[in-house]
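Two complexes come next, and they have one chain in common, chain A, joined by chain B in the first and chain C in the second.
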Partner chain A sequence: MISRADVENTAKLSRLEFSKEELDQIQVDMNSVISYMEILNKVNTSKVGDLVREIGEMREDEICPSVDPEELLKNAPKKEGTAFVVPKVID
Partner chain B sequence: MDKTKLLKLSITELIKAFELGQTSSEEATKACLEKIKNSQLNAVVHINEDAINLAKEADKKRREGKKGRLLGVPILLKANMCTKDNMPTSCCSNFLKDFKSPYNATVVEKLLKEGAVIIGKANMDEFAMGASNETSAFAKAKNPHDLTRIPGGSSGGSAAAVAGLECYASLGSDTGGSIRQPSALCGVVGLKPTYGSVSRRGLVAFASSLDQIGPITRTVEDNALLYEIIMGEDEKDSTTNRKPEKFVQNIGAPIKGLTLGLAKEYLDLPADSEVKQTVLNTIDFYKKNGVKVVEVSLPNIDKALAVYYILSSAEAASNLSRFDGIRYGKRVEGKDLIDTYYKSRTAGFGAEVKRRIMLGNYVLSSGFYDAYYKKATKVQQVLKQEFENAFLKCDCLIAPVCPQVAWHFGEKSTPISNYMADIFTVPVNIVGRPAISFPCGVNKDNMPIGVQLIADMNREDVLYKLASYFEKHKGVK
Partner chain C sequence: MDYEVVIGLETHIEQNTKTKMFCSCKNEFGGAPNTNCCEVCTAMPGALPVINRQAVYNTIKAGLATNCEISKTFYFDRKGYFYPDLAKAYQISQLYVPICKNGKVEFEVNGKQYAIRLNRIHLEEDAGKLVHGLFGETLVDFNRGGVPLMEIVTEPDFRSVEQVMAYLDTIKNIFKAIGVSECRMERGQLRCDVNVSLRPFGSPNFGTRTEMKNLNSFKAIERAIKFEISRQTKILNSGGKIVQETLRWDDVVGQNYPMRSKEDSQDYRYFPDPDLLPITITDEEIKKIKNELPVLPAQLKSEYKKKYGFSDYDATQLSKNIEISKFFEECVKAGIEPREASNWIQGEISNILNEQVGEEIVIKLVPINFAKLIGLYKAGEISQASARQVLRKIWDSNEDPGEIVEKQGLKALSDDTEIRKIVEEIISKNPNAVNDYKSGNKKALAFFVGQTMKATQGKANAGIVNKIIIELLGE
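Take a look at the complex of A and B:
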C-alpha cells in the first residue's frame, strides 16, 4: 500500500501541488495501479541480469552551427537581451 | 473533380490524378481544409495558414517537371511533432499551448523533401498519455463512424482525420499502441515500426525507449509508401540504426508459404467475443490462402501491461521534468525559483499527465526502485526472449488490437480501466518489434474492428505482404 507520506513525498519530487481532495484521489489511483503491478512478482527473474542499454556508436565532438539563440528565446516566458530571466535564486 | 470523390482517393490515386491533370494540389488541399472547417470531429487542432500557398507551389513544381513522391499531397501531423512554421507544437497541453519549435522534426524534413503539403496538426491525448483522446487539453476528438464514441488514442485525431477524409494520411506516434489502437477503432491502417527505424528527433518525448513515429493511412500501399519515406537512420537520433529500405514492392506480393504464429496466451487476454471472432475469421482467411498456422507460446504476455506502465511512466516522469516554465512553455511566477516550478507545472499539466508523473517518480524513488522499475526491466527481458523464441517458428504473430470497439465518451472512469485498453498493443513496444493494425471487420453496430500482425525486428516487409493481401481479397478499404 502507498501511504499518504509516500504520495506527498512523490508530489514533492514531481514538483506538483495538489489539494487535499486531489491527494485523496491520487492515492486511490496509485494504489490501484501499483497493486495491479504486483502481477510481476509471479515471474521468477532471479537468473535475469540487470538491463544493459546499448548505446549506439558515439560520434566525435565537432563544433557546428546550432539553433539561433534569438529563435530559441522567442519561446521564453521572460527574457532580457540574450538571457532567460529567472526568479531570484540567491539571497 | 467532384469533391467527395477527390477526398476519397488514396495517395497513390491522388498522385495519378495530379499527373493526369484531373486535379491539383491546390484543389485537394482546399477540399481538405474546407472539410476540416465544417467538421464536428475536432480531429485537427492547428491549421497551417500557408497550406494553400504551399499547395500552389507544389503544383508549380509539378508543371516544371520537378519530382517528389508526395508532391502536393495534403498530410497531417500529430501535435507532438516539431515544425518550424506558423503552427504551435502543443502536444495538446496547456503547458505548450503557444510553443513554436525553432526546428523541424526529422520526419517533417523528410516529408517536405518529397513535396508533401503539411496542412495541420492533429488532436491527441495530452503528451500522448491516453487511449481515448479524452485527455487532450483542447477538445475531444470524435470517432467518424459514430460521433458519440471516442476515436481511440493517443493519436486519436490523426486516425479520425484519415478516416473522416480530412487529409490523405497522417503521422502518429506509438509508445504503447497509440497508432495501432486509434487506427483499429477508426477503421484505418496504422504501423508501429521496429524501434530504431524512424528518427525521434523533433518528436516530443514521452517514453524514449518505446516511442516510434509511424504512418496512418487509408490503404496498406499508402502506408508502405509513407513508411519508406520517413524511415532510416538519422545522425541526430543515436537510437536509429537502419539503412533506407523499399516497402511498396511488398504490396500484393504472394503470401503462400508464410507462417503465422498463434500464441494461446495472447489470444486468451480479455476481449469482447465479437473482436475475438473477427480475429479468428482473419486467421481462417490466411489459412485458406496458403499461410501456414503454427502454435507458439508467450507465457508471460499477461505481465506486459504492468511492465509497460512502470517503464513508460518512469521515462515520462524523467522526460517531463524539462517542463519547468523557465525557457519555454507556461510560466506561473511563484515566490522563488522552486515555487515557480511547482506553480508552472501544476497549472500546465492535466490530471492524467500528473498521474503518470507521480507513478513514474514513485517507481523510481529510493526504496521502491528495485521492486518496480528494476523488476519491470527484468520481466521486459523475459518477454523479449519469449518473442525471440516465437519468431524462430513463425514470420508473424496475430492478435486483436483493442479488446473492444470504440467506446462512448466517459465510459471508462478509472485509470486501470483505461489502461486495460492497451493490453494487446503494449507487448510490441516492450519488445521493440514492428506491428501493423488494419481493418478486418465490423461489429453489430457497424463499428470497425482491427487486427494486429506483429513481425520480428526489421521485418515490416512481411506485415505489408500479409496486410495488403487481406485488404485486396476481402475488399476492406
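Take a look at the complex of A and C:
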C-alpha cells in the first residue's frame, strides 16, 4: 500500500508540487499500479530460469567530436558565455 | 578522558581515459564551459549511455593492484538526487555489485606495517562543475560531467591521522604507477570524504560518526581530521553527544561547519539502470589486465633492497613515487652508480623539489646530462659544492654541465702548490685555532677546511685540502 506520506515524499524528491486533490488522485493511481503488479507476483515462476541474458556491450575509448556549445545551449532558458545559468544553489 | 580515533575513507579518483564514461566526448581538464559535451553528458531526452571499456579495465586494474576480488558480472545503478551539477537528476553509479570488493592496502608508519581493508572500488560518472556567480546565480559547466570516477571505500580501520596520510600517499602512488590517473588534487582528480568517530579505548562499539566531504588537498585532510578529533573530544568530555551529520571543512577559517541537517537526509532511491545491461568479464580479460600491471611501489622497494643493497629507508624513498623511481632508474641506466644516484636524489634534488610549488613532483632534469655532471664530480674536476651549483643550473635548462663549469670558472682547484699557499696563509692568520688543533680539538680541522673552501669559493678539491692541512699542522 502506498500511503499519503509516500506520495508526498516522492513528490518532494521529484521537486514537484501538487494540490490536495491531485495528491488524492495520485495515491489512488499509484496503488492501482502496485496492485496490478501484485497479479504478476502471484504467478508461480519457480520452474522458470533466469531471463536476464548478459549481453551488455562496451565501446572503445575513442574520441568523437562533441556538440557545438551554441547548439547545446540553444534551449537553455539562460546562459552566460557557454555556461548554463541556473538559480543560485548552495549546499 | 582519552579516546580512540576511528576513521574510514571514501576516496574519489578521476580516470585519465581519452573519453568520458558513457559517451565519446573528450575527457579533459579545463577548457571553456561545455565545450566537451554532447546529448548524453548533458542529459538530452532520449540520449543513451554506452560503457567505456577502458574505464572498466582501469577499474579492474586498480582492484588487482589493491588485492581486491573482481566481480566477473556487474552492473550499474541509478543514484537519484536533484542538484544542478547532475543533468539527469541521477548519477550512474554502482551500489549492489561493484567491480572490485574486499581489497587490502598495506603501508608503513614510523617503521610499523599496517593493512587497511577496502570494502570496494566502484565505477561511476563525475558530476559537472558549478561556479557561483556574483549576481546570485550559478553557472553550470558539464565538461567534467561524465568523466569516469572510481570510488575507493575503506572499512573504518584507521586509528590515527598518520595512518590516513600514509594510506592516501600509498594509493595515490599505486594509482599513478598503474597509469589510470594522474591523481592531481589541485585539479580535483583525487578527492576525499572522511568519516571520523571516537570511542573509549577498548570499547567494541563504534561511536557516532561525522562525515567531512570533498577535502581536496592532503594538508586540508590532515587539518580537518585533527580539528574534528579535538571538536568531538571536547563535546564528549563535557558530557555532550555527537550528532551524526555531514560537515564542510573551511580551509581558510580552519573549522568544520554542518552542511545538511538530518531531516533532509538523502534518499537516493538506488535501482539498476535499465539503460545499461549487466557486463560480464572473462577470465582471459582479467588475466590480460593482470599481465599489464607494472611493478608496484612495494615490490619496487624490495627489488631495490635486493639489487642495490639499499637500506629499508633508502629503498622506500626511491620507490614510493613513480616520478622518483623512474628518474632513479634512468640515472642508473645513464651510468651513475646507484648509491651515488640515491644520495643525490635524497640530497640536493630533494631540496630542489621541496622548493617547488604544489604537491606534484616534476623532474625536468635530463638523466644523461645529470650523469655528465656526476662524472665531472667523481673525476675530481669540480667540488661537491660546485656540482650542487651546476645541478641547479641544468635542472630545467638542460645546458651542458661541462660548459657551465668552463664559463663560470668552477673547475676544481687541485693544484697542490696553490692550495698549499692558501692554507699556509690561513694558518698564519689563525694562531688560536692552530693551538686548539694541537691540543687535540678536532673541530679546529673543520674550521681550517671551511676557511680554505671559503677562500676558494668552494672550488678546492676537498681531499687535497684535508691532506695539506693535516700535513702542515702536523709539524
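Basically, the second predicted complex is superposed on the first by the 77 of 91 C-alpha atoms of A that agree within 3 Å, B and C clash if a C-alpha of one lies under 4 Å from a C-alpha of the other, contacts with A are read in each partner's own complex, and residues count from 1 in each chain.
In this section, a residue touches a chain if its C-beta (ideal position, glycine included) is under 8 Å from a C-beta of that chain, and two chains touch if they have at least 3 such contacts.
Keep in mind that this is a model prediction, so the values were computed, not measured.
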item: Touching partner for A:40 - first (chain B), second (chain C), both, neither; value: first
item: Touched partner set for A:72, first chain B, second chain C, both or neither; value: both
item: Which superposed partner A:89 touches (first chain B, second chain C, both, neither); value: both
item: Partner chain in contact with A:60 - chain B first, chain C second, else both or neither; value: second
item: More chain A residues in contact - chain B or chain C; value: B
item: Touching partner for A:81 - first (chain B), second (chain C), both, neither; value: second
item: Contacts of A:30 with chain B and chain C, given as first, second, both or neither; value: first
item: First (chain B), second (chain C), both or neither touched by A:5; value: neither
item: Residues of chain A contacting chain B in one complex and chain C in the other; value: 9, 13-15, 55-59, 67, 72, 78, 84, 86-89
item: Contact set on chain A toward chain C in their complex; value: 9, 13-15, 52, 54-64, 66-67, 69, 72-73, 78, 80-91
item: Contact footprint of chain A on chain C as seen in their complex; value: 17-19, 24-26, 32-39, 42, 50-56, 73, 75, 80, 82-84, 130-133, 136-142, 248, 259-260, 267, 269, 276-280
item: Chain B residues within the chain A interface of the complex; value: 98-100, 102-103, 209, 235, 238-239, 241, 300, 302-303, 305-307, 309-310, 317, 321, 324-331, 333-334, 336-343, 345-346, 349, 354-355, 357-359, 361-362, 365, 372, 374-382, 414-416, 419
item: Residues of chain A defined as touching chain B within the complex; value: 2, 6-7, 9-11, 13-18, 26, 29-30, 32-34, 36-37, 39-43, 45, 48-51, 53, 55-59, 67-68, 71-72, 74-78, 84, 86-89
